[in-house]
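Below, chain A partners chain B and then partners chain C, in two separate complexes.
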Partner chain A sequence: MVIYGVYIVSKSGGLIFNHDHNVPRIENERVFNYPLDLKLRYENKKIVVSFGQKEGINVGHVLTAVNGNAVIGRELENGKDVFDLLEEPECFPLSLKFSRARMTTNEKIFLASMFYPLFAIASQLSPEPRCSGIEILEADTFRLHCYQTLTGIKFIVVAESTQSGIEILLKRVFELYADYALKNPFYSLEMPIRCELFETNLQTLLENVEKSGASSA
Partner chain B sequence: MSRTGTKLDSKKVNSELFTLTYGALVAQLLKDYENVEDVNKQLERMGYNMGIRLIEDFLARTGSGRCYDFRDTAEKIQTGFKIFLGITPTITNWSAAGDEFSLCFEANPLTEFVELPDHCLNLKYCNILIGILRGACEMVQMEIACWFVQDQLKNDNVNELRVKFIKRLEDAIPAGED
Partner chain C sequence: MTIHNLYIFSKNGTLLYYAEWNRLNKSGITKEEEAKLMYGMLFSIKSFVNKISPLDPKEGFLYYKTSKYTLHYFETPSGLKFVLNTDNASQNARELLQQLYRDVSNLFLIKNPLCQLNEPIQSELFKLKVDELFKKSPLFLSRTI
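And now, the complex of A and B:
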């Protein structure tokens, strides 16, 4: 029973809150000999495995360190290009560390504003009048639950498919928002929520739901 | 608090503290503005800003759905009074078109210890309520107007708050809600 994250999208479609709750961190370090038996590609300012999946290093994972030195973009800290390095047989064996790519805040904002029109389109496409828009979006590895309030704010929870009690959880998050974000006199509407009390209460709530399901929510 | 049973039980908050705090606010505004009309306007504005936040608390607590009829709205406003002020106004004087009604109540926690002095007979002491109602309804895409037609502070028998439906704010209705 895992909840991966909580997102709040404002009436105008902007991401005003996100919380990564329980995203398993996948990291693998291995020693490689020349020539490298993985195909790497540079995209979106990251070095990504494009082909050759083995021992926990999967397609899509990102190269984060070479011999313990962090990789920034396509370069090492000392300014050396990683692809040049991997072409030089005398540098091997090399210890390469891969991990799953994490979403940056910008990417999250981008995705949140993408969900907004999807939600609207869904309600337009409906064969029946008065359709609510997307409430649950299911994939093989997760389920996205969305609850829109009458005022147009969307609460989104991404969780494991087997996690139960999400509907109650969404309403509880709404209550927390009404209490700890809106009653904070220094919070202005439609702006990103930076309220510590809100975060700590949300954290407790999520842990309770994960531990014992909806009953304690 | 949107939930009873949490640390602050809403029923345990002393209403006198609330009455006095509101009194202090109005007195300070009178000092700051001198002009009674400006005070009325400020109170309305403050109420509006409270209303647009308070509505979320109301929705989270009651789980109520959207109103498709002004009579529903009247009942929900009545519930709101019960939750936040602990009074249950009666709904009366419906207009023939069903777009205007009155809320009548005798006990008003805002004015429990209040007597209006002569120089502020034009003061709309409870104007904050008007702002709150307007703000809260606006957030659920409904434009309303409201005003006091009777006020115990002005020697009427009851307080009568008139609420008028103006229009639905169609543009503001979120997708999947209309």
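And now, the complex of A and C:
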């Protein structure tokens, strides 16, 4: 029973609030000998695994550290290129640390605006007349619930597929939004929500729902 | 319970096959444009799911649900994509898609040397078998009856 995150998307498709609740950290450190049995690739300013997943290091994981030194872009802190380093047999054995890439704020904004057209197309391609957009989207690792208010604001919760009581949770988040964000005189519509009361109340609500399901929501 | 329509896409997004049974709403665009829109949406959903997923996804996107219908998605490792729209009460539509891939596509499409891969399916036998499979399924219950 885990809730991974809450997102609020404004009427025009911008991300106005996001809260990471319980995102698991997937990290693996392992000692490698020459030659490396992984294929690495440089993309989007990160070094990612492109082939050869094993022992918890999966395709798509990002190289974060070499021998405990953090990797920035494709270089180590001392300015040495990681790919050059991996070509030198005398540097081995090396301890490499990989982790699943975490979303940056920019990526979250990008994904929020990406969800907006998906929501609209889903209602356009409907085989039935007068259909809403996406309400539940399920993948094998999570389930996304979306609730759109009459005013067009979307509340999105990403949770484990087994988590119950999300419908009620979404309505409660809407209530909190109405109480603590909209009644705040310093909050202007369509702008990112930075209200402390809203965040603390949301945090308590999420913890309650995780602990005991829908009943306490 | 009803099955609305079925799309089969190839690896590179060509619409191989489209069939519809109970469809009340026309999207107002041509079938080709609609297929492109559908493929584009699925492509975006796939990358969306990959990015937002908190753990490493294996199968990735399974289905989405709106107030009126559910879209089930099944992709084979070779990139063949099956999309089925049903109403919200339908369960196990994914198994039906797997069955379609296992029984019908393999037998009447891939084992047919006259069938060009990556081109829209012309085979009458295939069309017949797909229709038969879906009409036999417990999910299929036409509202006209």
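FYI, the second predicted complex is superposed on the first by the 217 of 217 C-alpha atoms of A that agree within 3 Å, B and C clash if a C-alpha of one lies under 4 Å from a C-alpha of the other, contacts with A are read in each partner's own complex, and residues count from 1 in each chain.
Everything that follows uses one rule, which is that a contact is a pair of C-beta atoms (placed from the backbone, for glycine too) under 8 Å apart; a residue touches a chain by one contact, two chains touch by 3 or more.
Source: prediction; values computed, not measured.
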Label the relationship between chain B and chain C on chain A in the superposed model as either fit or clash. fit
In the overlaid three-chain picture, which partner chain does A:Glu175 touch, first (chain B) or second (chain C), both, or neither? first
Here the angle between the directions from the C-alpha centre of chain A to those of chain B and chain C, rounded in steps of 10 degrees, is 90
What is the contact status of A:Ala139 with respect to chain B (first) and chain C (second): first, second, both, or neither? second
First, second, both or neither for A:Leu189, with chain B first and chain C second: first
A:Ala122 contacts which: chain B (first), chain C (second), both, neither? both
In this superposed model, does chain C or chain B come into contact with more residues of chain A? C
Counting only touches as set out at the top, which of chain B and chain C does A:Lys11 meet: first, second, both, neither? first
If we overlay the two complexes on their shared chain A, which of chain B and chain C does A:Gly68 touch? Say first, second, both or neither. neither
Given the touch rule stated above, what does A:Cys131 touch, chain B (first), chain C (second), both, or neither? both
Of the two partner chains, chain B (first) and chain C (second), which one does A:Gln148 touch, if any: first, second, both, or neither? first
Chain B and chain C, closest CA-CA distance after overlay, in Å? 9
Which positions of chain A sit in both the chain B and the chain C interface? 122-124, 130-133
Under the definition above, what is the set of chain C residues touching chain A in their complex? 4-5, 20, 22-25, 27, 34, 37-38, 40-41, 44-45, 48-69, 71, 85, 87
Within the complex, chain B is touched by chain A residues 11, 119-120, 122-124, 130-133, 148-153, 171, 174-175, 177-179, 182-183, 189
Going by the contact rule set out above, which residues of chain B touch chain A in the complex? 1-3, 52-53, 55-57, 59-61, 63, 65-66, 139-140, 172-178
Can you list the chain A residues touching chain C in their complex? 4-5, 23-24, 26, 58, 60, 100, 103, 107, 111, 114-115, 117-118, 121-142, 144, 158
